[in-house]
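Below are two complexes that have subunit A in common, paired first with subunit B and then with subunit C.
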Partner chain A sequence: MAIITREEVEHVALLARLAFSPDELDRFTAQLNDILGHVTRLGGLDTSAVEPTASVLSGAATPLREDEVWEGLTREEALASAPATEKGLFKVPRVLE
Partner chain B sequence: MRFTEATASQLATLIAQGEVTRSEVLESFLERIVAVEESVEAFLTVTADHGRRLARLADKAAEGGATPTAGVPFALKDNIATQDIPTTCGSRILEGYRPPYSATVMQRLEAAGHILLGKTNCDEFAMGSSTENSGFHPTANPWDLRCVPGGSSGGSAVAVAAYEVPFALGSDTGGSIRQPASFCGVVGLKPTYGLVSRYGLVAFASSLDQIGPITRDVTDAALVLGAIAGPDPLDSTSARVKPPDYGQALVPDVDGLVAGIPRELFGEGVEPEVRQRVEEAAAVLAELGVGVEECSLPNAVFALDMYYVIAPAEASSNLARYDGMRFGYRAGAAAGGDDVGNGARASIGGGPPPGDLLSLYLSTRSQGFGPEVKRRIMLGAYVLSAGYYDAYYLKAQKARTLLRQDFEQAFGRYDFLISPTSPTVAFPIGERADDPLAMYMADLCTIPASLAGLPAISVPCGFSQGLPVGLQLMGPAFSEELLLRVAFAHEQRTDHHTKRPPLLGVKRH
Partner chain C sequence: MSEDTSRSRYQAVIALEVHVELGTRTKAFCGCPTTFGAAPNTQVCPICLGHPGVLPVLNRRAVEFAVKAALALHGQVHLESVFARKNYFYPDLPKGYQITQYDRPLATGGHLDVEVDGESRRVRIRRLHLEEDTGKLIHGGTPGGGATTGAPYSLVDYNRSGVPLVEIVSEPDLRTPAEARAYLEALHSILEYLGVSDVRMEEGSMRCEPNISLRPVGTEKLGVPVEIKNLNSFRAVERGLAYETERQAALLAGGGRVERETRGWDEGAEVTTFQRRKESADDYRYFPEPDLLPLVLEQDWVEAIRRSLPELRTARRERLVREYGLPAYDAGVLTASRHLADYYEDAVELVEASQGASVPTAGAADGPGTAPLHAAAKTISNWLMGDVSRLMNEAGLEPLAMRAKTFALPPAALVELVALVDEGTISGKMAKDVLEATFSTGKPPRAIVAEKGLAQISDSGALETVVARVVDANPSAVAELRAGKDRAMGFLVGQVMKETGGKANPRMVNELVRKMVGS
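And now, the complex of A and B:
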């Protein structure tokens, strides 16, 4: 039985802001099922008494720095790699009608 | 003397003693790049002019009596940011992107006087085990040009193995320094998570990513690690641990140490000849006084499963930033903007820009990313999506705790652990390209240390069918000194690291 259906793949693609052709959808559905089929083995592990690991570092090893103002990028530097700019701003498609 | 034969530490000495200028050294490596690059294609960018300028300036300063700087040429994997120098991560979505700042590792190497000679090819956003997922071109293994160099830091491993640079940096998320080092017969060190600053390393899986050296011998690994390690206020995951002088670790004294061989990393799937070479390496260590015993990391058999939930989950979040708005590729940008910036041009899709925001996101990302990156983003978005989070992501994070406990227990008894770096030697280009799971298996032995955030080094330990085999040594957190000492002792007793690749075979495209 498929773990993830073609429709679900299509839905997740939209969430991830990706678009696929019908062929690609078929291929990704098959490959994602292969991979997920492998990782579902994790379900067999007893993790009832275990805390999750989000980071291997302890907070003590990585204290926060002082909240000081530092030099950042200049407007020019920040805009230098933009695909489109106007009047010193990032230019993007209209968001509000 | 051919300077390209010398190691980084030998070159640093020659330069410091005034036996040779930085410019002479640089030119000999540039000549070598011209001679072999057509065969191996390790680089995405060669920074010859940049290098020449710095070498000339440093030579002049030294003539004028300034404190001598190292002046050794090096290469960086192309997912490490270099100010005003293209940084693409092997992805079309960042083609032509020039970062406005340099990574901390780049700043530290330059501060020590080392000279950037180029940016190396890699799997797109470091996702892959063969460098075939590069958006630009594959890279060939100098031991057999028909074979992959491993990945994702394949370009860095090849640049070092083919004597194009004395050392390079790679990044390792699940094995991306160690596995290509193993495939190419060089030394690759993945430091403890937090030892080397990730500032300026383009994020793939933030809880796993680490930068580390790829070198031709262990002495150079110690030298380069010393230059890049240590706290960095610009990286919140940088550990406030003062690194020791790793050069002090280079003594061939391992008598009395105890090593474990986790049977889970030595089982099915490990090629017989790879097993043999690793057993021979263990025997060499035993002769030097190391007690070697079989041991167990019971949850390591699930490491691959944990990894392919956790890494894609983090990647799907990290790669959300490539939206075509502030930098990088934007679908149809060349045809569209009034005031087009200096960023990536529309070299992929072309055509008029999509009118609405959603369509622009969809076309930008679909045209800009390659198939493996899309696969991982999809996996990640799925395992994080409503209804599946607990079953996949949370489960994998809990399993990760179990694996860490396995390591803790093992290090209660053993000083370090031994395994093959990769279950196989380098495979032919194209062989696993259409089979993601088979490709993922290449990282079977390297992923456990990544998930536990532990240091691990791959060193050459012989050959199988003419291709290099790598020995992996894993240690407790911040045990780099110990790993370097053991690797050094092994290297002193063997000559694998002195073998030269023939650059034979015909490259397949």
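And now, the complex of A and C:
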């Protein structure tokens, strides 16, 4: 039985802004089902005695820093790798919906 | 069916999602400054620009401020919470995701008591979590360069990207636009008292996105919610929700359906307009932020923050009534802003110090010694709520400005003005002019009085001469007064005021006239 449907793959592709051909959708749906099927084997393990973790470093806490200013980038440096800029701002394709 | 009747068939159910920028010096995950109004893209670094390979490091003060807010709202602070990535593509997020908290937020539960029309209602709070702000998009134009409508591009300023935010989500416990506004004002007050944010709605450091649905009166099932954005003032929140109530009621009454969508408030036209269909939460593909370990708080730290909580508005209002004998209304107005209340208490303490011996000892709070203090406390309250507020409004100043060292009317100046009236040097009417002069020049009231020669004539010898002259010149008025016509008194006092250029102490003139006429 399929774990992920072709429609779900199409939906996730849309969210990730990826355009797939019908052939690709078929192929990736099959491949993803193989991968997910493999991973599903983990579900056979008994984890009832294991604490859920949000990180691979179990028990560790995120370090905190003091609220002190660091030196950042100058505007020129910040904009240096942008494909397009205007008046100190990043210029991007129009996104207003 | 008229709109009024259709509206009365439905009940609005409103929940508020409020984002507040925390007043830290630096951003949530990097050391870039958070100064408002800096030139675009001058407060950025590889972390808040989302360059590859960088790692976020959480700001301790942002955590402290968020915990403070959660505790003041009676929430349960979780000693372990988890950051998550919220994924979506929009250029205000340079990383392609926002670092936020999802299934394990910093705090859950809590409540806020809200007063509408003298009635107190408890609004439950669902959660409070930490997240980062986004950059700012400027659509189809350049800042200050005029809008190039239809421009095929947008411009981005990432100064705000990564500024720490708390998101505070209420339960759908609000029923009217007025309640929603009252909730937001109460929340604003708490955050201002806590000092965790400058909470300026116009500048966007406090943003409110309500969602509202309608259901037939008497039913339980919730209707389809609509989210409203672009509400930049308390008034806009109330107006936007009122408009949306009408719009949805008219739709439903006409057999239509409300769509789940996001609408924008148009301040000029006073309407909401369609912005976008609401994506379902799953589409953000939240997952635990791999670059940050769980946020673990020491219980001791949380307790230390709890102990550091300042007195909040409700407690302060009650204390002002108790300690200074203020009417509840006055105390409510004065404590609406922490800064105004601080100013007020500074002024009253100066009076208290000057009254010295009359300060009541502990345990004798209701003794006769409190009367002069209570009288002065009320007088100062009157000035603040009346003329001082008016002058502040006219000058476009917010209460925070009253705490600046350079403020033209520091508490000591207001106390001096009150003393000038009390001791009879100037009349209450003249005091208004002196106040305005002090407010605009910063010169102390006594200096203004001396400079303008405003001091009242309170010397009884000098006044007697004038009163005698007026009494002699107006025998008919004197006769009327003797016959018990009080109107004549007004006339005689008026004549004395005229002769003295308005400088006579009216109370003394009154006494002198009565003495001479023998009425």
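In this section, the second predicted complex is superposed on the first by the 88 of 97 C-alpha atoms of A that agree within 3 Å, B and C clash if a C-alpha of one lies under 4 Å from a C-alpha of the other, contacts with A are read in each partner's own complex, and residues count from 1 in each chain.
Please note the rule applied: a residue touches a chain if its C-beta (ideal position, glycine included) is under 8 Å from a C-beta of that chain, and two chains touch if they have at least 3 such contacts.
None of the values given here were measured: they were computed from a predicted structure.
Of the two partner chains placed around the shared chain by superposition, subunit B is the only one that A:F20 touches, whereas subunit C remains out of contact. More residues of subunit A lie in contact with B than with the other chain of the pair subunit B and subunit C. In the overlay built on the shared chain, the residue A:D67 is in contact with subunit C alone; subunit B does not reach it. Legend: residue contacts after superposition of the two complexes on their common chain; A:I35 is shown touching subunit B, with no touch to subunit C. Of the two partner chains placed by superposition, only subunit B is touched by A:E51; subunit C is not.
Looking at the shared chain after the overlay, A:R75 reaches subunit C, while subunit B stays out of its contact range.
Once the two complexes are laid over each other on the shared chain, residue contacts for A:G88 go to subunit C alone; subunit B is not touched. Overlaid on A, the two complexes show subunit B and subunit C touching the same residues of subunit A, namely 12, 15, 17, 54-55, 57, 61-65, 73, 78-79, 84, 86, 90-95. On the subunit A side of its complex with subunit B, the touching residues are 4, 8-9, 12-13, 15-20, 28, 31-32, 34-36, 38-39, 41-43, 45, 47, 50-57, 61-65, 73, 77-86, 90-95. Residues 24-26, 30-33, 39-46, 49, 57-63, 82-83, 87-91, 104, 137-140, 142-143, 145, 151-158, 275-276, 283, 285, 288, 290, 292-296 of subunit C touch subunit A in their complex. Across the interface of their complex, subunit C is touched by residues 12, 15, 17, 54-55, 57, 60-75, 78-79, 84, 86-97 of subunit A. On the side of subunit B, the complex with subunit A involves touching residues 97-101, 193-194, 207, 233, 236-241, 299, 302, 304-306, 308-309, 316, 320, 323-330, 333, 336-344, 353-358, 360-363, 365-366, 369, 374-375, 377-382, 385, 391-392, 394-402, 404, 436-437, 440, 452-453, 477.
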